[in-house]
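This is the structure I have questions about; it appears just below.
Lettered A, B, C and D in written order, each chain numbered from 1.
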Amino acid sequence: MSVLIDRNTRLIVQGITGQQGLFHTRQMIAYGTNVVGGVTPGKGGQWVEGKPVFDMVRTARETTGANATVIYVPAAGAADAILEAIDAGIELIVAITEGLPIADMMRVRRVLDQSNSRLVGPNCPGLLTPGQAKVGIMPGHIAMPGSVGVVSRSGTLTYEAIYALTQRGIGQSSCVGIGGDPINGTSFIDVLGLFEDDPETEKIVLIGEIGGTDEQKAAAFIAQRMTKPVVAFIAGRKAPEGRTMGHAGAIVESGVGTAAEKIARFQEVGVRVAETPDQIADLIAR
Amino acid sequence: MSVLIDRNTRLIVQGITGQQGLFHTRQMIAYGTNVVGGVTPGKGGQWVEGKPVFDMVRTARETTGANATVIYVPAAGAADAILEAIDAGIELIVAITEGLPIADMMRVRRVLDQSNSRLVGPNCPGLLTPGQAKVGIMPGHIAMPGSVGVVSRSGTLTYEAIYALTQRGIGQSSCVGIGGDPINGTSFIDVLGLFEDDPETEKIVLIGEIGGTDEQKAAAFIAQRMTKPVVAFIAGRKAPEGRTMGHAGAIVESGVGTAAEKIARFQEVGVRVAETPDQIADLIAR
Amino acid sequence: MNLHEYQSKFRFEEFGIPVPHGKVAETPEQARLIAAEIGGPVVVKAQVLTGGRGKAGGVKLARSPEEAEQHARAILGMAIRGKIVRKVLVDPAARIKQEIYLGITNDRAARKPVLICSAEGGMDIEEVNRTKPGAIIREHIDPLLGLRGYQINALALGIELPYALWRPFGKIATGLYKCYVDSDATLCEINPLIITENDELMAVDGKMSIDDNALFRHPDLAALRDTSAEPPEEIQAREAGLSYVKLDGQIGCMVNGAGLAMATMDMTSLYGEADGIGPANFLDIGGGADAETVAAALRIILADPNVKVILLNIFGGITRADEVARGVIAAFTEHPTDIPKVIRLVGTNEDQGRALLQAAALPNMSTAMTLADAARMAVAAVKGA
Amino acid sequence: MNLHEYQSKFRFEEFGIPVPHGKVAETPEQARLIAAEIGGPVVVKAQVLTGGRGKAGGVKLARSPEEAEQHARAILGMAIRGKIVRKVLVDPAARIKQEIYLGITNDRAARKPVLICSAEGGMDIEEVNRTKPGAIIREHIDPLLGLRGYQINALALGIELPYALWRPFGKIATGLYKCYVDSDATLCEINPLIITENDELMAVDGKMSIDDNALFRHPDLAALRDTSAEPPEEIQAREAGLSYVKLDGQIGCMVNGAGLAMATMDMTSLYGEADGIGPANFLDIGGGADAETVAAALRIILADPNVKVILLNIFGGITRADEVARGVIAAFTEHPTDIPKVIRLVGTNEDQGRALLQAAALPNMSTAMTLADAARMAVAAVKGA
């Protein structure tokens, strides 16, 4: 068991012929991920790493029966790539691309909410179910199969946590990077719910950051719904006061989002909060 | 019993202080409709015919508990009025206004499809449940309570049919004018389904026109779902060939929509089709 | 409202669509000067709001300014499907490698705009639809989301467009959709969109229809209306806010509501057919017509010399019967006539309406209670006239 | 990216929002000439990308051109919150009856733009939010549907705007939203939007922030960037595509990923705090950084005289460890230095990366396997330096 992806996931790669897309397609295949094809408009009919390339997600899905896609296209075209995947009815969309304009993501999110697709990201490292499949850019060799679910807003910090767990011999059920953008497809709550329902996941690591209110919502959700223990880490305790977007922004955000506030909320609901990334593994091991 | 409206309907009037809005508010109240208030931006706080006027649908609904609205605002503002009613969560929206730009209605329809509201119209005469309530502009005194459901794309032609039924002593359960615009909120099929499920409706009159494919879809629906007898009338048998919108339009419409075609489809599924409006009542009486 | 080819193409150009840089001539001499300015072969094209222009000889290639003048002389004043040609467009002739069709219209069943594309451009797209439906590619557009890049790719793939042309094709499709939205169009059509011998795309012919209901927010487009080939009664009717179609019969019909007007037409045809009697027109005075509108409608009907009898069929809903009665009285007071009038007035305020008509005591007026009666009386009155 | 007041207001005007017709001066003399041209009282306003301008004396009323010149002389060159004033805006002084606040920003929790309005304009809206939250009206906008008329009515009602001003207010709100969308803004703010003594609305102060991620499609807005008051290392960092914030400590940090960079900052603070040691900067080299980007990052760190130790913390995901190693080697080959370097390199291609670093044998380099070790080693190196 695992969440979101496993060895039965049939993955296509949007942007498969680009530099990043190609590099990570090789890495994903090498890890054992069932990559069934790729999409690059205008390059349909080519073959990459033994996989067929299509011009459109629609045809790729029809031909390969893909149920997941990973997006490596540049920021300017990423929103369109996500919308194309939604339109083609792909169930799981993982967008690695960073730097999407926020206006694009507001529109994408609006469409997503009325669809049957799940988006993970953008600006995320993707998903890893150790020993089964990886979708995205996580370095697979730092993970090992086990029963800890990892969910994170940060990319590289996720690897820290996985690495530390693995070094202590603690395996992971699935690792989910939800991305750090202000508007994304999948929230902490969504993934916590999946882990709660996944019989193979016993404990959960949640890695948050300053800014926004996703961690606070996660704390409320944990109090209400979660039976499995959660260990959290929040990056940015020592961050200098950020440059605000302006006054209206400050009102909307209502001054929330400091590390101290998020840590306090987690502690209030019984979540143990690590002081350093290394401690995450210590707290899980206890 | 009845469909869509009855004596418990709590109606507000959007555009209540306009000439048409005011005239028909009086008519609706005189008929016994439970008008609970009206909306005209900038005129909140006034009273019209003993009913409070609000600046916004949102506040009107909160204050009066309205569950239906009828819209008399001019075409330029009608789409906004419908969207406002959807946004305020009004269950039943009846838009009398004619001449809405088709682009506005495409957007409205898109929003409507994701809402919990039903729109009847635009460019329709509204609804009449004889002896209980009228919403819109139908002349109430031509109708009488009974068991024939009337649904029509045409305004005044609906009155013809009701008038003829009443003159023969045949009463109506509810009369629904769905409007003749190319894109509207409620179709023949929607209303046929409501009549089929309404225990008080025993027979149904359907009045169609040339153009579009709504009647053909209704015929298919009748064949599949309806147990109650339906009598139809189609206006425009002798219409000269319409001026087409252009070639692409002709492809989309695929040459469908002649009176002959619609009549044939109805007859194929056992619907009796009247040759003249007067015959409608004859066929119902049989 | 339909735009001329030249109006459509000039507007397309505002949205970044490449078009030939031609000009409009109203005289043969102007055509010669434009051809000389362009240099090289030109096409002289009748500007007329109807189809079948090519078959009627309204489109001619000219190799010299003199030839352009000759063609313009032949084409100007020509009648194509009853419409007189008053302008020609003189375009530089394009060297065509392939002809594509690209159009946007509303799909009322899908309730969305639809982009239609075909590699079989240049010919009648309805014909293509009949004979090779597979050659037509459709992409429905979410009106809230607009045309997306991947949809353009789908069209380009569908017509097997060379990849090198995807980018310019995408700009044209995007421009056409923006033109469609910004113009409140019901049709924007490029036929043909050509691939030139230099592998460039160009909109060689264009057509636009604008939603009449949206013209209020497009005064610039409303000003483009060409009424020179329209019957004057139709212009009058539109200006008075009436929906009017001229027919061949003798019974001048004035009805409120399109459905009732059609039924009235159907009924007079039904009862009169055997005697060659029928409606002289379709005339819908609309939902909220007041006395002035009704008077305008009567003036238009009375201007038709074929009309032997007038049939007024009003079922009062939003139009109150007393208002209609006042309009009828005002119109007949303005244009007194002995022509037989059959009036049927029911619905809201019908009693007041009938009382007003009775009091006015118009000559040769009879009243009916049902549409069937009214139609029969009108047919009988034509026979008796 | 933030725009100056004058840039924001000039852009607002393009979207039909009435603004005072002022001009920008870079010298006191220019200010005098502009004031003379305007005639009557003017306001001289420091153009600087920070708040607190009024309290710092950066906004002054002048009754004559001479007074305007004097004020400009005082304001130009002034430092406001560390930013030097290089331009003033000279605006005609408005006669104010009421001050309103009107702004649009993104509500990330709601995932929608939100229009914010308050009758308590002219003052700090955050202050209003704290003290009188009820005085703030919010309307969320569906990004696919845009701002609707009834939402504007809701704002006008909420601030009890006189009905006569609803129409012009609606035009301003619509224009502001269009400006927001067309500019890919994250903030468009009018504060105050005034009602003049003649009962007209006017945007007297304005502020815009543009989404940096969307600047690629707005070259006109990108060109408005004013870097005159920015630290040069931040300009360099931005041009190299790096996210960089200068801090007070001694450990120059180069990290991939914002979260890891923050954690690295947190850890060096944690271990160094007791000895007054901490990070010299926040520096995220981003997801796909190549050798060139890494070299640029190192140059920026080395330019900071406070830096005693460099801490590289790279966890290879999309950035491959061998690429990073090449970048590090290239940068230190370009700028050879004896400064202690603590390097932690794990993740994708980590073995190749470490092999390259070993082969390069950089002076004074040590490597760590965990972040904790790396932070401790960096702190120790500062103490030993």
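Note that a residue touches a chain if its C-beta (ideal position, glycine included) is under 8 Å from a C-beta of that chain, and two chains touch if they have at least 3 such contacts.
Note that the coordinates shown come from a computational prediction; the quantities given were computed from them, not determined experimentally.
Novice: Any chance you could name the chains that touch chain A and chain D both?
Specialist: Output, common partners of chain A and chain D: C.
Novice: Measuring between mean CA coordinates, which chain is farthest from chain A?
Specialist: C
Novice: More contacting C-beta pairs: B-C or B-D?
Specialist: Answer by contact count: B-C.
Novice: Just how far, in Å, is the C-alpha centre of chain C from the one of chain A?
Specialist: 54
Novice: Distance between chain B and chain C based on Cα centroids, please, to the nearest Å.
Specialist: Taking the mean C-alpha position of each chain, the two centres sit 27 Å apart.
Novice: Taking each chain's centre as the mean position of its Cα atoms, how many Å separate chain A from chain B?
Specialist: Chain centroid spacing, chain A to chain B, equals 49 Å.
Novice: Of all residues in chain B, which are in touch with two or more distinct other chains?
Specialist: 107, 111
Novice: Any chance you could list the residues of chain C touching two or more other chains?
Specialist: In chain C, 144-145 touch at least two other chains.
Novice: Work through the pairs of chains, note which ones touch, and then classify the graph as line, ring, star, complete or other.
Specialist: other
Novice: Can you name every chain pair that touches?
Specialist: Pairs flagged as touching, ordered by label: A-C, A-D, B-C, B-D, C-D.
Novice: Provide the residue numbers of chain D that touch chain A in the complex, in ascending order.
Specialist: 2, 51, 103-109, 111-114, 116, 124-126, 129, 136, 142-144, 181, 184, 186-187, 189, 191, 207, 209, 211, 213-214, 216-217, 245, 247, 255-260, 262-263, 265-267, 269-270, 278-279, 282, 286-288, 314-318, 320, 346-348, 350, 370-372
Novice: Spell out the residues on chain B that touch chain D in their complex, using ranges where they run on.
Specialist: 41-42, 44, 55-58, 77, 80-81, 83-84, 87, 107, 111
Novice: Show me the residue ranges of chain C that touch chain A in the complex, using the header's touch definition.
Specialist: The touching residues are 145, 148-150, 153-154, 157, 163, 166.
Novice: Mind pulling up the chain B residues that touch chain C in the complex?
Specialist: 20, 23-24, 27, 75-76, 96, 98-107, 109-111, 123, 125, 137-139, 142, 152-160, 163-164, 180, 182-183, 207, 209-210, 212-213, 233, 235-240, 245-254, 275-278
Novice: State the interface residues of chain D toward chain C in the complex, per the touch definition above.
Specialist: 144-145
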